[in-house]
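You will see two complexes here that share chain A, one where it goes with chain B and one where it goes with chain C.
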Partner chain A sequence: MKKTIAMLLAASMVCPLAACGGAKKAPEGGEIKIGTISPNTGAMAVYGEAMVNAYDMAAAEINADGGINGKKVVLVKKDDQMDPTESLNAFNALVAEGVDVVLGAVSSGCTAAITDAANEEEVLLLTPTSTADSITTKDDYVFRTCYADSFQGKIAAKYAKDLGCKEVGVLYCAADTYSKGLYDSFANACKDYGINVVAAESAATMETIEFSNQWAAIKAKGVGFVFAPFYYYTVGPYVVPQARTAGYTGIIMGADGYDSANNYISQGSDLSAWNNVMFTNHYDPADKNPVVKKFVTNYKTKYNDTPNALAALAYDGLYMIKKAMEKAGAEDAKSVRDALADTSTVYKGVTGTFTLDKSGTPVKGATVVEYYYDKANNKVATKLRDVVKKLD
Partner chain B sequence: MSGSLQTLSDFLQCLIVGLRLGSVYALVALGYTMVYGIIRLINFAHGDFIMVGGYTLFFTIPAMLAVNDKLPIWLAVIVAIAVCALVGVTVELVAYRPVRKKGTNMTALITAIAMSLFLENLAQAIPAIGPNYKIMRRMFSNKAVLNFLNISLDWTTLLTILIGASVMIGLQLFVKKTKLGRAMRAVSEDKQASVLVGINVNRTIIITFAIGSGLAAVAALMYFAQYSTIMTTSGTMLGLKAFVAAVLGGIGIIPGAMLGGLVIGLVESFTTGYISSSLADAFVFLILIIVLIIKPAGILGKNVGEKV
Partner chain C sequence: MMNKNTKLKGYLVNTVALAVLLMAFLILNANFKTPFYSVVFIPSLWQISYLIILAASLNLVLGFLGQLSLGHCGFMAIGAYTAALLSLYFERAGIFTDKKAPVFIVSILVSLLAGGLLAAIVGIIVGIPALRLKGDYLAIITLGFGMIICNVINNLPFAGMEGLSKGSAAASLYKTGLGFGNTLKTKYAWVAIVITILCLAAMFMFIRSRFGRAIESIRDDEIAASASGINVSLYKVGTFVYSAFFAGIAGGLFACCNSSLSTASFAFTNGSILNSTFIVVMVVVGGMGSLTGSMLSAVLMFLLNYVIKNVIKASGMPLFVQNLFKYPMLVYAIVLIIVIMFKPKGILGTREFSLVNTIEYIKGKLGKKAVKEGGSK
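Let's turn to the complex of A and B:
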């Protein structure tokens, strides 16, 4: 099955070149190999698959339009199953294949495992999606397409403040780079806003599926706002439903890991549990901006699905590389690094128009998306609640 | 609410969660203990029987609802019990029995581990299953039965505890009161003597496997009613904890497995509630070590010297 899909995809990538016959110039100056690392199987497969789709789509578009510097983009895709050890193995395999530029990994925990290696091997690493603050601060060769967690955590704290909450709760995983990083930035921002974190409950791992006792403890504190940064595969079936079962009815706020959680709800569950659940995200698929519109329409035609934020970031990631390579006029890691390190370059992407800061993190806004129970269609739907450009 | 009342409701909440976790562990532990009792084999594939039961439920429920959507969802467990029992008996006939005849206890143990990996990978190779998570339909409502003093008890939890208790009582009666149950106890005590009094040993072993694996299907119902994501390795950690429960209670002793399961469930819940969830697994294994130092044969086990 997988093979057939891969062959179809390969075929669909070749077709435009063969068919267009000179309308656009075909790339003729050789190939550029770009590596990608994403969790295409395992717990995070929903994200990995969407990103691979977006990479393929972007590469096909770029190649149909003459490639990068006249060269054809060839993607070398690796699956890390969201296991940091596998991420490093995938990275080493890509280096061994002579790849100079790598897009990946996806979760912050996985990317943290390869940033040092990227620096050591002098391979350019651009992670489209890893939001942990620490990802880009240490290493010269590491950049990203998404904003950092300090921004997401702050937005969540600001929301608590705007809603007039004086006391809030947190449910997080202390052992995970992403969850802990978000907790830290949220707690710091709360301090600045004069909000007390009265209940801080933790789970052993990001794969934890039992939160009943934690929710009972949070509920006992009587808070009306809880920040719970987890990933969609536990948020959908466990974090949110168990909160409601435990009797917590207040707001649950998450971060970008909540995207797609509504596809992970057990059929026959009480969907009204999803009212009062919101999260920060990278883009809004319903945005009227022509860049977003074109991306969403093309993706829908090709894959029959609305692209999630991860797909949008992956798409932007490959175009960032294109821009940097064209600016440098070269494709080696060092030149691309220097081009990306230029903080004046403006990138116009699906996830916003942005420049990179000194560490290599985009300066851009976030969307705040809300889940709600759509009674008419009997499903959990999303709506855009807010667009946050900047925080004071 | 006053402080002491809150303390009481915290305690009761942990107790409820602990009993729910414990009933699942106990049912799985029964499977380990019954097989160990009768052929002295730790059936490491038992955790994977739960996975088999889970996937059977996953595929049976929509099929059943397509035929008649008025049917109660838990009826699918009957199909799951049948499939699990069949898998259990097949594993015994195809792998364990031939290996037992030729090899030692150690070869049998390795075969069990191999069987566990084999089942997981076989399941993954089936296109309808694959390597990714699947989401089960909700089997019982997660609405609260009662919400009292800050304690919430939902239907899934209540039913899990009730099903667990009734299966355990039923099994205890079966083993104590029926002819087949007596035969099982006799075989587990002395195979040669059982043959002498006219018990068909091989048939008894097969029936034990069928019942033990069938219990895994019931455990699958209880487990996946609560935790709806299923993948091919879903049974691994559950199986390991239940194995610890069986050893803790005294492996080979049926009430021991029940007690062990409940102890592990309660320890896990109270550690999460009162200390830290990161330490829950650490405490489970710490308790195992302490009990084994004090009483190597488990809580209900009797220290019997090896006959020379």
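Let's turn to the complex of A and C:
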């Protein structure tokens, strides 16, 4: 009996593998296969799921509208658990399935692991959300939908300047592409604006949950503005509350990783800690623009949730591909690449109207969003603080 | 007891079998060029190679020495970063400029060896104090080591994100240093295979030697072993270091295969199959005290992970099957529980798969069958 069960289990493991070998190499006549890579499980699952929802929604809309060049969009979705090795596996699996266009990965660290593979395999890679500067290089198969970190860091520095801060602090993670990249661009911009970074404290990993020492050191320097680029899952429960516990009351500025952080606040913690917390983001869900309104309403009806910025970027990503394919009149990687490389094309999306620069990074604005303690509803809410179109 | 004759015969049979398989593979490699082969099969082969070395080397400590170490990925990280940095240095020094030249392979091998050696040296430093502790305490100290080493690497100015990311993000190894793209992986697939075979042979020789018998006696009864004149601490540290060396080599292969390094891959929080606890799971599933068992379970676990992520989740499967596998981590745990339920000592237990014995076994079965058939007539 045991042996039979064991054999059955073994067989059930091998069977799907056989299916894998028989995967079709080219999309059939009426279909365009588009691959996606996102962390659907693991620490970044909130982003992954939101993006998968947005991809599904965009694909359904496009298909209902007659598809791309008359062909139906079929999404092939892969999970990378936010591990670079898995991203590479997922990418290779997509290539083997004959996918010409890949949307992904989500975090800069994961995308960095597959950019050169995309160039080697000549597969178009469009990352909706990886903001690290080094992701897109001059002339290759890698493009993105979001702005780069150097832009985000500069906005943060400009805010410090506008607020009249002469001395600022930074809390970051030297080991992470995203956090380190933001720190670098922030520090450079501060130098240009004549602001001194008097306290630069580093955490060991992006998963660190204890920042008391760092906040105490920053507090001791007496700064009123701290740039702290981390992801929502540590920002919500740890970074912000611990800052206030350590006695730091000034402004905490973050980047797009702060999006959704207010859903991650520990039960019963002091919500007034969230005053004076702001971050740069890709779009504002409350925007009156009809494109944004349509996207937010449709997403809300479909998934019963306000879409975060990553969902918006994912949605725009698929539409960018649609536009490029329609412009090229073809769906192979080379034609789509050439179409995207044309810097004069204007893309109108949820996250703004933009063109791509030579490297493949959009030239577009950023919104600055602020968290505040909404006493009446006893929750932390967001409000739009500013929209930055261009930096002086 | 194995006598000299069968032992020699065993070596001969195994060498011939391996040589034939390797030749067959090389011929296949030269002629077989479908996209599936170079993009899926070969990268998987590389990953399986380092997983096998990793699981087998941990088995030396866990299965043969009987000490629980939870920091194996720490040694792997040291090996990976050392090999990567050294290969980058070689390239900057102009020792190799073209990744197709033979000198490239030589510098890769030197880098891998250096990675292994540094991991071994760190193994000595960690092992001497740590192995004075037993059971849970050793597990905790090695667990701590695994976490510390990632943080140390992150904050080293020449490693971490700052050192390797100069160039195109963390992927800087792709064009420079020892990183292999898919084409190079296919071209140099034999490197991974040969290194794996050499490492496994070295480990087999170790456990079959006087050292191997000594550490097994330490596992079975430490007091009795030391009463028989075995220097317990020396053998413990020695095995730990030997195991760390191979973990370092596995790290080097990891760096070649992935072409990008980030300590997130070696961290304890890694949600995928590459973390120190998962390597322990591989050893346990394969059988503590069976190197071939570790090989088998490394391959099985890799396939399981790969199938869950890239086959079952791909469209085409019915939705309920996809939902069943929505959380891969749960599946690994269930597999572990099933194996422990049906085979408490792991798939192979303490037995080793042996080609000679298998041949003998089949011969015996056939003989019996012949006798049976003869009798029924």
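Brief remarks on what is shown
What we mean here is this: the second predicted complex is superposed on the first by the 361 of 392 C-alpha atoms of A that agree within 3 Å, B and C clash if a C-alpha of one lies under 4 Å from a C-alpha of the other, contacts with A are read in each partner's own complex, and residues count from 1 in each chain.
As a convention for this text, contacts are C-beta pairs under 8 Å (C-beta built on N, C-alpha and C of every residue); 3 or more make two chains touch, one makes a residue touch a chain.
In this text the structure is predicted, and so the values were computed from the model without any measurement.
After superposition on chain A, the partners chain B and chain C are seen to clash.
Contacts of A:241 after superposition: chain B is touched, whereas chain C is not reached.
Looking at the shared chain after the overlay, A:291 reaches neither chain B nor chain C. Applying the stated contact rule after C-alpha superposition, one finds that A:264 touches chain B and leaves chain C untouched.
When the shared chain is aligned, chain B and chain C each come close enough to touch A:175. Here chain B and chain C are compared by how many residues of chain A each touches, and C touches more. Using the contact criterion defined above for the overlaid structures, shared-chain residue A:41 touches chain B and also reaches chain C. Judged by the touch definition given at the top, the superposed model places A:135 against chain C, while chain B stays out of reach. In the superposition on chain A, contact of A:202 is made with both chain B and chain C. After overlaying the two complexes on the shared chain, residue contacts for A:213 are found with chain B alone; chain C is out of touch. Touch criterion not met for A:341: it reaches neither chain B nor chain C. Touched by chain B in one complex and by chain C in the other are residues 41-43, 174-175, 202, 204 of chain A.
Taken together, the chain A residues at the contact with chain C in this complex read 2, 5-6, 9, 13, 16-17, 19-21, 23, 25, 40-43, 74-86, 88-90, 92-93, 95-98, 108-109, 111-117, 120-121, 132, 134-135, 137, 174-177, 180, 202, 204-207. Contact residues on chain A toward chain B in their complex (touch as defined above): 1, 41-43, 45, 174-175, 201-204, 208-210, 212-214, 216-217, 219-220, 233, 236-238, 241, 244-247, 264-270.
Taken in their complex, chain C has these residues touching chain A: 35-36, 39-40, 43-44, 47, 150-151, 154-155, 160-162, 165, 167-171, 174-175, 181-183, 258-260, 262-265, 267, 269-272, 274, 300, 303-304, 306-307, 309-317, 326-329, 338, 342. Contacts from chain B toward chain A in the complex involve residues 6, 9-10, 13-14, 17, 21, 73, 127, 131-133, 135-139, 141-144, 147, 150-152, 154, 227-229, 269, 272-273, 276-278, 280-281.
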